[in-house]
Amino acid sequence: MPAPNLLNRYTRPMEGWWRRNPFYLWYMLREASCVFIIAYALVLLCGLYRLSQGEAAFNGWLAALATPRSIAFHGITAMMVLYHAWTWFKVMPKTLPFIHIGGKRMPDAAIVTSGLAAAVVLSALLFVLVWSGRS
Amino acid sequence: MIRRSNKPVFWSLFGAGGMVSALIGPMLVFVTGIAVPLGFLLPHDALRYERMLALAHNPAGKLALAVVISLFLFHGCHRFYHCLHDFGIHVTAGMKAACHGFAAAGTALAVYLLLVIGF
Amino acid sequence: MQVIQADVVIVGGGGAGLRAAIAAAERDPSLRIALVSKVVPMRSHTVAAEGGAAGVVRGDDSLENHFDDTVSGGDWLCEQDVVDYFVAHCTDELVQLERWGCPWSRKEDGHINVRFFGGMKVQRTWFAADKSGFHILHTLFQTSLRLPSISRYDEFFCADLMVEDGKVRGVLAIEITTGEFFLFEAPAVVMATGGAGRIYRQNTNAGIVTGEGMGMAYRHGVALRDMEFMQWHPTALPGTGILITEGCRGEGGILVNKDGYRYLQDYGLGPLDPWPRPKAMELGPRDRLSQAFWHEQQKGRTIDTPKGQVVHLDLRHLGRKKILERLPLITEVAKTFMGVDPVVSPIPVCPAVHYTMGGIQTNVRCETSLSGLYAAGECSSVGIHGANRLGSNSLVEIIVFGRVAGDSAAQHARTVTASHGDSIRRQAEASAQHLLSLLGQETGERVATLRDAMRDSMESGVGIYRKQDAMQATCETLAELRTRYRGGVRLDDRNRAFNTEWLTAIELGYMLEVAEALAHSALQRRESRGAHFRLDGYEERDDERFLAHSIAHFRGDGPPLIDYAPVTITRSAPRTRTYGGAGKKAEMT
Amino acid sequence: MTTTRIIEIECQRFNPQTDSEPHFQSYQVPFSEEMSVLQGLQYIKDHLDGSLTFRWSCRMAICGSCGSMVNGVPQLSCHTFLRDYFPDKVRIEPLNHFPVLRDLAIDQTDFLAKLESVKPYLIPDTEKTPAQGTYLQTPQQMDEYYQYSECINCLLCYAACPQYGLNKEFTGPAALALLHRYNADSRDAGSAERMEVINGENGVWGCTLVSYCSEVCPKGVDPARAINQNKINSTKDYFLRFLQPRGGK
């Protein structure tokens, strides 16, 4: 039997790879959050545009925000951005070199926790800021 | 010689946007998109015209608005073309340019509007 | 058949082979060096070594100490001039590895840390956590990538040596992926194929440690020396044979029998205190520890488990912190493969075949009797292990003598003019045809059947303790198995591409011959020395008649011819080997 | 403990000489409590079907030979136990993203080339002879790189990384982790030379931080971390070269 000269190799196609493993689905969900972040930025941009057009226009924008469809959209967006935030802090240690404190390596959990804590504090500040402006 | 990637520029913007949106994004969406329109936890008029105009007049306010809109766009657009790649779509240089161009245009528009609104 | 021209062919990509390749390439960058290995180098068995490598560094240590420990550990069957060369070069080679990036464990001040190993007077073992072999191998492999004159032939199975007019002319190899034959023509060949532990059943060795490298040299007339000396490691996991490193005992772990009693004190290794203490109790030499196990088993004091008789290796008193810090791999291994957490319970252990002391006979320059053929590492018998290897001497042997072999081969390649291949090619074709015929066999037995029969017979005849009739029986079984093998093995797999069953069949042919050399060498040695211990009236060492190397010569289909060669003794005359309490006579019978 | 049970092991088969597509074949394998998936495969090879092809050697999770997909997850088969799958069947496939040579054996040459491309060896400032002794390196300095030096090149991370699957030019997790292992070593002075690989489109920028690589790594190497902290280094390098005359470090 002769030795095969040209070896036939099989490589599994990548089609639908994200369905192979739940880990990948969560990853794709994280990546999909970008669509919502873009959309939200456009909503804000639109608000800015309406603001530049005067009070009536701006109030129109505010009214549009209160429609059920807008509320639903923002509901989903909030969830997606929240998921984005959670994953962002979860992988944060991976973007940093080791931090040594007193000769000991700072555990990843500490880095994640500080990120989350910062988000909570800043979000609270933002909330208070908006809340403080009530008439 | 391996060609240097220009990712550092866009990745920095992506990272900055990711960080801002992770820190305050959820709250921002909640405030503008849910709480205020519904009057839930926050009053309806928390985002009223005068207040927002004052914010847009204030230099710090201007900066904040520009930064949020711009970085969210850069963050999102960068991820978006990675998404296309993940779905097996070949991302050409033109598509990348379009993504970044879109974010840049959004940024330019925001800056223009903030200037138009005046000080 | 493809033909590759090289100046030096190195067979084996373990520690010895890689070190040889680097040495040859550094010595003369214009040489074409072919590194042929049946696995990608970093998969070689060196990767599994845990404990460490010996090299004198401490002020209270000396080369004499290392020499004495090695020679007395080897029960005076060492070539003392070679041991002298060896101990003088260990530290340099270990430093060289450090300079190449090996992450040796450090002291707080940044200096290298060393620890105790069995049979040592002073701490001398360099270690990289408990992954010393892993780090040595990866450092060597990665360093070899710097050298463009080394061409790697990964997953090429070397199947035969090409010999003409008493000179080696190259090797015949099979590219595993395709099943294609490759002839490597070269004036110098280094064998660095590792040990032969897999001729036994219970063993700590990786699946590739099948000894065919020894077999190839042997079949071409190079003698195998001191083959009867197989080292049993006293602490392996029952069933799988996975090793629990001596480092455990170096750190203070103890061995107890079913009554929780530190039985080693009954076998001349005591007294108990202080502990840990060099060369005593659990840090006695491996052969003594394995033998003590056997005695405990005879007395019914071992623990019966579904996977066989065991004793307990107890680390619990070291405390969680020290165990996790110093012995992380062992902790993980015990947990996964045995379901035992060493922090809370003792690890069941038993002896298993661990190291092949004997091998291809070479001199201190790693030259064999066949011109152009060199050997280094576990497949060789350069003469430093004698009748029993000292723990942590072999990881350093592979780098010290790997370098020597590479140097010698490079030098030789420069002085010899290349052959013109016609007759070599015919030889290669013939050999290839023979190997191919294995694929076509329509009748015969399964490879696994013959292999398992060989392993069982080795275990029963030439195990920890040996007796005339059992050894005789093993010799007969092996002869019979060789006949059956010649009669044909039948493979399920008739393909050329990546046919590992075919390779196993080729391996088996060589293994049976190596096993036979071992069994006959053992049968003829009518004394007890080091790892060779007889219970049939030859319990004592007999320097009068057997202070000599056994030399096994291949004799075709028949049994080997065993003769003897003198041992070089320069400054250490044989004494009784004692461990434990000063002068306390070993009660090993 | 010794009771023998029977488990179904389903293996992907592919013979390059006769097949153009792989198929699955099932085997009934008796197993005991401590038997690994690898031992299951060995049982098949020895007793049921000598043609089943797979790599293995150390059988103790250190040589990196035996990676395969076990029920869709990249695993070392010697370190994965049949008891954890019983009574369901176990499905074994070759590692994802690599060309299959035969049955479970994949082609690892691409990885070896990538490993070589990252210069995985110490590039010292000045060469010294062994007579000058070892370098000094404190345990804390070792800690900076040690975990990255524990990579056994098992390629599970490549099988885990979709970016490698989508773009075979991507240098990939283990090679980049080893690159970082040397950059982070206090004895090394070669970072500048390795920066080129890092900076390229297929260096750290090929990674989108899926981080499944770190999840499946059996040795706790955390390649995702090695890669992603170098995105910051690459960015610094990108901008600093405008400030410094010769491109900075």
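For the reader, a short list of remarks on this structure follows.
In order of appearance the chains are A, B, C and D, and numbering begins at 1 in each one.
The rule we apply is simple: a residue touches a chain if its C-beta (ideal position, glycine included) is under 8 Å from a C-beta of that chain, and two chains touch if they have at least 3 such contacts.
Note that the coordinates shown come from a computational prediction; the quantities given were computed from them, not determined experimentally.
Comparing chain pairs B-D and A-B by the number of C-beta pairs in contact, the larger count belongs to A-B.
Distance from each chain's C-alpha mean to the overall C-alpha mean is smallest for D. If each chain is reduced to the centroid of its CA atoms, chain B and chain D end up 38 Å from each other. Computed from the mean C-alpha positions, the centre of chain B lies at a distance of 64 Å from the centre of chain C. Averaged Cα coordinates give chain A a centre that lies 12 Å from the centre of chain B. Chain C has its Cα centroid 56 Å from the Cα centroid of chain A.
Multi-chain contact residues of chain A, defined as those touching 2 or more other chains: 4, 7, 14, 18, 31.
With touch defined as above, residues shared between interfaces to two or more other chains in chain C number as follows: 177, 495-497. Residues of chain B in contact with at least two other chains: 82, 86, 88.
Contact residues of chain A toward chain D in the complex are 4, 7-12, 14, 17-18, 20-21, 23-24, 27, 31, 91, 93-98, 100, 103, 105.
Residues 14-15, 18, 28, 31-35, 37-38, 40-45, 47-49, 51-52, 55, 58-59, 62, 65-66, 70-71, 73-75, 77-78, 81-82, 84-85, 88-89, 115, 118-119, 122-123, 126-127, 130-131, 133-135 of chain A are the ones that touch chain B when the two sit in their complex. The touching residues of chain D, counted against chain A in their complex, run 14, 16-17, 19-22, 72-73, 96-101, 107, 140, 143-144, 162, 165-166, 208-212, 214-215, 222, 224-225, 227-229, 231-232. Contact residues of chain A toward chain C in the complex are 1-5, 7. Note for the complex: chain D touches chain B at residues 162, 166-167, 196-197, 199-203, 205, 208, 231, 234-235, 237-239.
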